[in-house]
Each structure stands twice: as structure tokens, then as C-alpha cells.
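Below you'll find the structure I mean.
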Amino acid sequence: MKFKISRDALVPVASVLAALAIGAILIAAQGHSPLEVYKVLIVKGFQSTAGLQATLSKAGILIMSGLAITFGLRAGLFNIGAQGQVLSGALAFTYIGYRVHGLPIWIHLPFALLVGALFGALVGGFAGYLKATRGVHEVISTIMLNSIMAAVVDYLTQNQFRLKSQPNTRTPDILHSARLPHIFGFPTGFIVAVILAVVVGWIFRKSTVGFELDTVGKNRNAAWYAGISVKKSIVLGMLISGAIAGFTGGMFSAETTGYFVPAFYSGIGFDGITIALLGRANPIAIIPGAIFIGGMRSAQSAIQFQAGVSPDIINLLLALVLFFATAPLIAKMIKSNAKSITTTSGWGS
Amino acid sequence: MKRFNIKIWQLLLTIALLAIWIYSYIANTDITNSVVASGMRFGMPLALAAMVGIMCERSGVINIGIEGTMLLSGFTGFYIASWSKNIVVGLLVAILTGVLTSFVHAMMTIQWKMDQIIAGTIINILASGLTSFLYKEGSTIPNSWPIFDIPLLGRLPFIGHAFFTQQGPIQYLGLLLIPAIWVMMYKTRWGLRTRAVGENPGSADTAGVSVIKVRMINVMIGGAIGGLVGGFICLELVGSFSKEFTAGSGFTALALMIFGRWNPMGAFAAAILFGLAQALSTQLQIFGVTNIPNQFITMLPYVFTIVVLAVSAGKVRPPAAAGRSYEKEQA
Amino acid sequence: MEALLRIENLSKSFPGVKANDDISIDVNKGEIVALLGENGAGKSTLVKSVFGLVKPDSGTITIKGEVIEPGDTAAAIRHGIGMVHQHFQLVPVMSVVENIILGDEPHKGAFVTKKAAREEVIALSKRYSLDVDPDAIVEDLPVGIQQRIEILKALRKDIDLLILDEPSAVLTPHEIDELLEVIRKLAASGVGILFITHKLHEVMAVADRVVVLRNGKLVGTTSPKETDEEGLAQMMVGRNVVLSVEKGPARVKEVALEIRELSVKDDRRLDAVTHFSLEVHAGEILGIAGVEGNGQRELVEAICGMRHRENGSVRVSGKDSPDMDPRGVHLMGVSHIPEDREKDGLVSSYSIADNLTLNQFNLKPFADKGVRNFAARDEYADRLVKEFDIRTPSFQNSASSLSGGNKQKVVVARELTQNAHVIVASQPTRGVDVGSIEFIHKQLISARDGGAAVLLVSAELDEILSLSDRIAVMFGGKIVAIIDGQGADRQYIGRLMAGLSE
């Protein structure tokens, strides 16, 4: 998939500007100063070392969740409910992280991450299985699994996995042997995420499996004609997409949270959708968008304290960015020929 | 025609349910009536939301933005009602919001020919972003819609109490609206054209019917219904707006639409069945019959949705052109 | 006398092609004008402009002295133009009545008056003696009847001009005769007819005047009295064409493809192929003649492992081939030119190189241990582009940038360079220009001479007759006769295709 710089790259930039402009009107309408808010965003997100660290750390997580969505989109699957896979991966990781004692970090951490990925894959793969065998559209099944997983992790955190000595509902702390070390203060998760992006990029560029998934995503009939099992590809696509989402949940716990509370993870899967669509499902091209959104997310709480504006402004800004970047309004204005991205058409299996 | 071609197991299910209803009606009329009535209350918003899906998909547009449409119109409806101290104004604004939201959806899918799934997703994300940002706590509406009985119908034996008593006006309106949509779809010129556009837009185009116009109008009628549902939930059923109050019900509605084979009456039956299941589980919970953790009770509708789709999705035939933007054939 | 229809200086461009270039045509009352031209000559675009389905860039269309608003189908219908479309514009799940009344429904208020609609359709079908069951669901009807519905749709209003866009493509020879009779009757009653076709004998049989288009331009007007089929062909293509294919006698060897008692269902789970048995030998071309929709597609898909075989077996070179496993069947040496190249045969956003290796991308030398080898792919693509004369600046370009004929050459190149034992070619020249048709025919014959067993499925009887060593006629999912290709009788085959025995 080619991503022409020049005009096509202008589309996201122009979309961000348009979103900021509309956001400014809404902020002003609430009686706040938009400039103040945007200044906090930039200062907190991108200026200080601490701000940049937080941004890149968050960006790493968002690159990974963006990759989860991207992986599905390339196979013609819209894993809109990646959030549920993130949650199940995170809780599974946390459980292994606090429960299994006495392992060195180089075994404990990878093992816990693997289990996290496995649980994400189970949830995603189940949706893939339902689609391949029963014709259940993944958009509905993953959204439903989202709510189901939210209920399940809520139940487990309140009961079996609960740290009873604390008044609030949370799990015990993840052991140090399952925490992600920082290298010279640089967020390791970001490096892992970039490596993962390169790997996913390679899969779709060079491997036969990637070519099979891509072909299924672009023309299912031709894929079947060419000897590619469409059903197998659907299950595999959802399985890997879910695995990446579960891995993302694990990485976030290992690097940032340190223990599990469901609310910590809110928005990760949904931001992944925005990021994947902004980067037009190109594993490498999603990185700049993820850094941008990572900055906004890490400055989110500061906006409320310092500018007095509801932190939900970020959700609104991101929604506007996505709208402008995918609807052909701006693309037409600057005469970009970037094709809009498509998922599967219709409800058919 | 195809709609009489009901699968035998669906028929059996209906008969079984009727039998259970009659049995429990005889055994304990009061509890049965209240369960059925609360099933109606749970089911009606979903049934109406499924109508949004039917209006759109019968004309060939997949709308997964029902969720966002309801969220936005519930929001504007509630706050306008609170500000104007008038719930009628609130409801009208909710409907208008639904129309405007679906207009944006229609522009994206019909005019700009965007991927329909992505367009719906954008509507949902936009609605969630806007409502959560503009949300303010502490607003109230002057009153909810009054609850009343329908004079004669309410006294009908068996169904009267369950369907025609102790409900709000929008609930009753739904009972009129859904059959009206059925009549519109299968008996009128507009319905014939709508179905033709959803099955084979080329056939309508070559017969001088504007595909774009039929789709735009149907999607916007759908939006009006979506607005009605959003207003209904915030102004009648719950009486307040809360962030993300839709909680996936727009997607459940789509599943019910598929289960009901894109037929208004079918989707209505599916939604009532769904509502009954929910009412029943709530009753069991209240009376302490079960000690299932409440997380598993909240999970039920979602599990039910997946199960419903798993048994029906592969076997029903969606409108053939749903999901595809219409391109005139070239050369 | 004022012409009934007057097209003046009409031009229309699509991205990359000038479909119509300054075309002017008149059609008089009661006259049958045949619009002749190759695929891609611009015939369809022209008549779609007349009917308002395409908005021309410039030029005017006048009917009975009144100018029609461009790009407005409703206006065209109002002005008394009817059109029978090449691809049926019917709603498969609706009844005959609903399909015919769509767009101008008899009504009371907002409601369709079903009874009046039904009576109208019955009267209409009586008036033109085109028999249909008003209550039948369209998808349950055979194509011949579906076309009748299309014609009734067009005749429902009192029309002055009837446009027919390749109406004979899916009909049996007998049905075509009936259609031509209807056309003659209508013309006699004063309706002007504009009739698109690329079948020369139909033109000779029915047209008063012939207008020939080539590459979007009008190249000449003639009449059947002034010329013959060879002459028409020459006008159409712009050079001398050999209408027959040269081939030597077949050197038939052992059985390469053996189908036993095969039964297959269609997408709607109805029987499409029932207890079908056939043997194809190495070194021969066996042509399957038949009207489309008699199970050919399902047969081909079942042979190639793409569709479930309910019953029976398919053996390739003496070994059983796997069911529902296109890759497995392909690996046994079966090549497949699919009937719909856009749907099955190509991924249009992929490069020509990727499309040329679409079913071998995972095999050596194109991949090793799951890693693709682009150098090998490109070298192979470069060679095939030259050998098969695929007209493109580069094999890196996407398949969507190619013309129909060149797209088909990509599919043919891919399938015929794999030294297959069995070649299943389904509609191998559909929608392809005459030059490419000749080329593809030669390739199929040389594959036969190279020792492959070729199973040719085509709706074009001429193609079957000119290529096949043996002809199997298929009707209702069964073979009704197998005849020798040498000196096969067209009329006889036509009757068999229509399900008439002898």
C-alpha cells in the first residue's frame, strides 16, 4: 500500500487544523479561552522532557492498538470492539504479573505478555470464528463482546482478583519481574511498538500470509479462486488483531498502570480505530497520528486543572479530526487522490 | 412472498412463548401482566431503533450510527426540554437532531460514497465526543411524559393490561408507528421503490426513480425515528440524560433487525422477545430467586444479541444492495 | 420528414477514454437501426445517453422535434423512450407485476392498487403476446422469461422509440428468432428501434439500416442490402478479419479430466448440476454449449474446487481431486479462466505482476518458506507481459488501469503458462475486442496442441463451433448430447440448447 507524501499527507494535517478551529469555537462558547487550552496541550504534551516521555509512552500504547485495528482492516475486518480484547489481555497479564512469583524478569515479563496476547486473541478469534462459520458481522459481535468483557473483568476485579486490603476496587500490584523497565528514561513500550509496526508492515509487504490476508480484504472471491481459504483468513485476521490488542493491554499494565482497574484502560481500543483510519491502515503511517493523539491524551488531565475545560474536549477534537480526515471534504479541497479506506461491504459473511 | 416463508423453528418458538404466556397468565395474572408490560417498556426503544435500521437498509444503506443518532438526540432533547421547561419542545428538537445527524450520515454514505461502516462509526464517535464534552450535571426536566391507560383497549382481556395500560405516549405511538412502517414498506408506492432501490438500484434508476433521493429521504426518516427513540429514552423512560446512555443498544437493534429479517413486524417481535427476557431476568433478580452477580445480569442482553445473530445471521438474506453505494454503470 | 430520434454531435468522455466522439444519428418512425461495434466501441454509452442514464458532455438529443434534458431518465421515459437493458434491471426477489409497474405504479393516494396493476400486466402481456405469469417471483424464472419482462416494462408506456442493448446475449437461437419477430412487429406498428448488437447475422436478419461505431467514432452507415457479414466485420474492426479460426486436427490422448455423477447446487441451494458425467481427453478442446444459467457456472466452480460437490467425483489425470479446495485442485494441474474476471479473476488494486502470480504467489520461485521473492515475480511478469502482448507501460501498474481485453490477457497469461494438464476456460473472450479474441483463441489451440485437455464453456455459440473438437450441449444441469465438432449443425445445437429433443 503506497502512502504518497505531498498532497495525501496534507489531508491529516489539514484535518487537525479544521478540528482545532471547530474545537476553538466550542471552547469559546463555553466561556473559556481556546488559546489557553491549546497552549496547555502543546506544553504538556510536547514541550517538557517529562511531557514528551508521557506522550511517547502513551503513543507506544496507541501505536499498538492502532496496529490491532490495522491488522483487521487489511484483511477486510473491522475490529471495532478491540477495547474488550485490550481489557481481557490486561487483566490476564496482571494476574500472571502478580500471581506468579520467583521468575526472572526475562521469563516472567514475556510470559505474562504472551498470556495477555493469548486472551486478547481468544476474544478476537471468537468473533472471527462467529463470522467465518455463522456469518455474524464482527462489528456487532465485537461491540457485544466489549460489553461482555467489561462485565467479566469488573466481576473478577471485585471478587477473585481483588486486593482486599484496599478500600477501592483494584488488583494487587504487578511484581517488578513483570514490569517494563525504562531505558535511560526513554519509554521502552514505544520502541516495542515501533518494532511491532515494522513487523506488521513486513508481514503485509513480504510474507505470503500477509498477502493472503490482504487479498481476502480486497477481493474475497478472487482470494477463494486463487486458493486462499477465506474462512481461515477471517479467523486468523481476527485472532492476530485480538492478540495485538491483548498484548497492548498487557504492555500498558507493564509500563504504566502497575495494577488493574478497568477504568485505566478506557479509550485505548477506540483511539486505535481513529489512529488506524487516519493512517489508512498502513502500519508505518499510523505512527505520526499515534504520537499526536498520545500527546493529546497525556495532556488531557492537565487541561482540566490548568484551563478548567472538560477533558472530554479531547474526545471531541479526535472525533472531528477523524471526520475531516475520512470524509472527502478536505481531500477534495486540496485535490488529494488518496482513496478512502473500505472495510467489508454489507452484512454478508 | 418471502415474508410468509417463516422458518419452522421460529414458528415453534412463537408457539412455545405463547403457551408459556397463557399458562402463566392463568397461573398468576398480575405478575404475568407486569412482566409483559415491562418487557414492552424494555423492548419498545429497541424495536424503534431497529426501525431506523430497517428504513436505511431497505433502501440500501447500512447504518451502524444508530447509537450516535440516539445519543445526540437524547442529549439535545433533554437539555432543550430542561432549558425551555417544555418536554414537547424537547422531543421535537430530539427528532430534528436525529434528522440532522442522519443527514450527515446520508451525505457521507450516499453522496460521498464513503464506506458505510466507517461512516457510521464516525457518527458514533462524533456523537460521543460532542455529548460528553457539552454534558453538564444537575439539569432536570420539568416533568416526564404522563403515564396513562388507553380507555377501551386497556380493558381487553389477556393483552389489554400488558399493552395498553400504564405506558407513556411514545410507547403507544410506537405501537402505531411500527405497523405503519410495515404498511408503508409493503403496500405503498414509496415502499415498493424503497425496496427496489435496496435490492437493485439499477432497476429503480432505469425506471426513472432517483436512487439518491429515495435513499436520502429514507435515511432521514430513519434519523427522525432515531431522534424519537433518543428523546423517548431521556424524556420518558429514564427522565434524564447520562453519558453513553445508549450502551450498545444501537447495535443490539441492528441484530434484532437482522433476526427479524428486515421486516418491521419481525424486528418488533424480536425486540419484544428481547425485552421480555430482560424483564424476566430483572424480576428474578428483584425477588432474589437467583443470586447471580449483577455483572452477569447486565451481560445478558449482549450474550443474547450474539446468540440471536449466531442462529439467524447466516440464514437470512439482507437487501442485496445494502452497504454498496450506487454507481451508474459506465460505458 | 422529421426524424423520430435525432442525435446530434454527441460526445462523452470517461476518465481516460473518449467513449463517444461527435456522433450524429437519426432514427425514423418504424425503422430498425442496428448499432454495430466491438466491445468498447461506445454503443452502450450512446444509448444510455439517449435514455438519460449517462449525461453527455456535449451534443443534443431530440425526439419528435423536442430536445430532451440530458441525464434525466424520467424525462426520457416521459418523451416515449423505452429501453431493454443488457444486464437485466429487475429486482430478483419481487414479483413480475411489481417489477413491471416500478416507477409508475397504479395507485390510490400513496397506496399501490395491486389488482389494477395485475390486470394491467395481464392485458399488456396479451397485447404483445408475450406470455408471463404476473405473480411469479422474478428470480425463479428462466432468463428468456426475464427478458420478456424487461421488454414488457419498456412497452408498458406507449413508446415511440425502443432501445435494445445487446438483447440476444443470453438467449437461445430459437428465443432470438422470437425476439427478432417481436422487433419486426413493433417496427411495423410504427415504433422506431435502436438495436445494439455485435452479432452480424442478427443485423443481416432484421436491420433496415446499420450504423457502425469504432473507438467512439461513427465510421459508417450501410444496410444489409449493400453489404454482407464480412463487409460488416471489416467496418467494425477496421481491417480484414478472419471469421474462422485455423486449427489442425486434434491428436487425442488419454483421459485427463473425468467427471462422474457430479451434482452441484447453486447459491440458492437449488439443484444446478445433476448426475453429470463427462470425459475430456488430453489434446482436445471440448466445448460446452448452452444458454447461460443451465448449470455451467456451478459445474466449472465444482470442477475447480470452488463449490461444494454434493455428489460424484472429479478425477484429474486418474486421481481424485479434492472438494472445496481450489488450491488443491490447482496443484493437481488444473488451470481456470473464470467467467467473471473482475469478480474472481483479478484483484484490481493489485499490480499486474501480483495478478499474474495470483495463484502461485506461495510457490517456488515466487516464495520460499513463507517469504515472497519479488525479483522472481517481476522477472516472470516482465516475460508474460511481452509474450502475451499486455498493453501497459509497466507491470507495476494496477490491474484496474488496463482495458478489458488486456485484463483478460493477464488472466489468460497466468492460466496458460502453468503447463496445466487441464484447462477450464469459462467465457474466455467475454467483453474483449476482436484482436484479443483472435489472440486468446490461438493460445487455447496451442495449449491443446501442447497436450492439455481444454474444457471450454461459452455462451457464444460461434466460439464453441469454431474452437471445439467435440461439443457437449448442456441444458437444465445435464448434458443432452455430445456431438463431433467437425461440421456440427448450428440449428440442431440451437434446438438442443432450448431443451427440445430433435
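Letters are used for the chains, namely A, B and C, taken in the order the chains are written, and counting of residues starts over at 1 for each.
Here, a residue touches a chain if its C-beta (ideal position, glycine included) is under 8 Å from a C-beta of that chain, and two chains touch if they have at least 3 such contacts.
Just so we're clear, the structure is a prediction, and the values are computed from it rather than from any experiment.
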Worksheet entry | Graph class of chain-chain contacts, one of line, ring, star, complete, other | complete
Discussion item. Contact counts by the stated rule: is the higher one at A-B or B-C?
Written reply: A-B
Practice prompt. State, to the nearest whole Å, the distance from the C-alpha centre of subunit A to the C-alpha centre of subunit C.
Written response: 47
Discussion item. Counting only Cα atoms for the centres, state how far subunit A is from subunit B in Å.
Written reply: 30
Worksheet item: In angstrom, rounded to a whole number, how far apart do the mean CA points of subunit B and subunit C lie?
Response: 44
Practice prompt. Would you mind listing the residues of subunit A that make contact with two or more other chains?
Written response: none
Worksheet item: For the complex, which residues does subunit B have touching subunit A?
Response: 62, 64, 108, 112, 114-119, 121-122, 125-126, 128-130, 132-135, 247-248, 251-252, 254-255, 258, 293, 295-296, 298-299, 302-303, 305-306, 309-311, 313-315, 318, 322-324
Fill in: Residues of subunit C that touch subunit A when the two form their complex
304, 306, 325-328, 330, 336, 338, 343-350, 354, 358-359, 361-362, 367, 370-372
Worksheet item: Mind pulling up the subunit B residues that touch subunit C in the complex?
Response: 1-2, 184, 187-190, 192-193, 195-196, 199-200, 202-210, 317, 320, 328-331
Fill in: In the complex with subunit B, residue positions of subunit A that touch it
26, 30, 78, 80, 130, 133-137, 139-141, 143-148, 151-152, 154-155, 158-159, 270, 273-274, 277, 310, 312-313, 315-320, 322-323, 326-328, 340-349
Practice prompt. Using the touch definition up top, name the residues of subunit C that touch subunit B in the complex.
Written response: 14, 17, 19, 40, 42, 44-45, 48, 51, 53-54, 73-74, 76-77, 83, 85, 87, 89-95, 98-99, 101-105, 107, 110-112, 137, 153
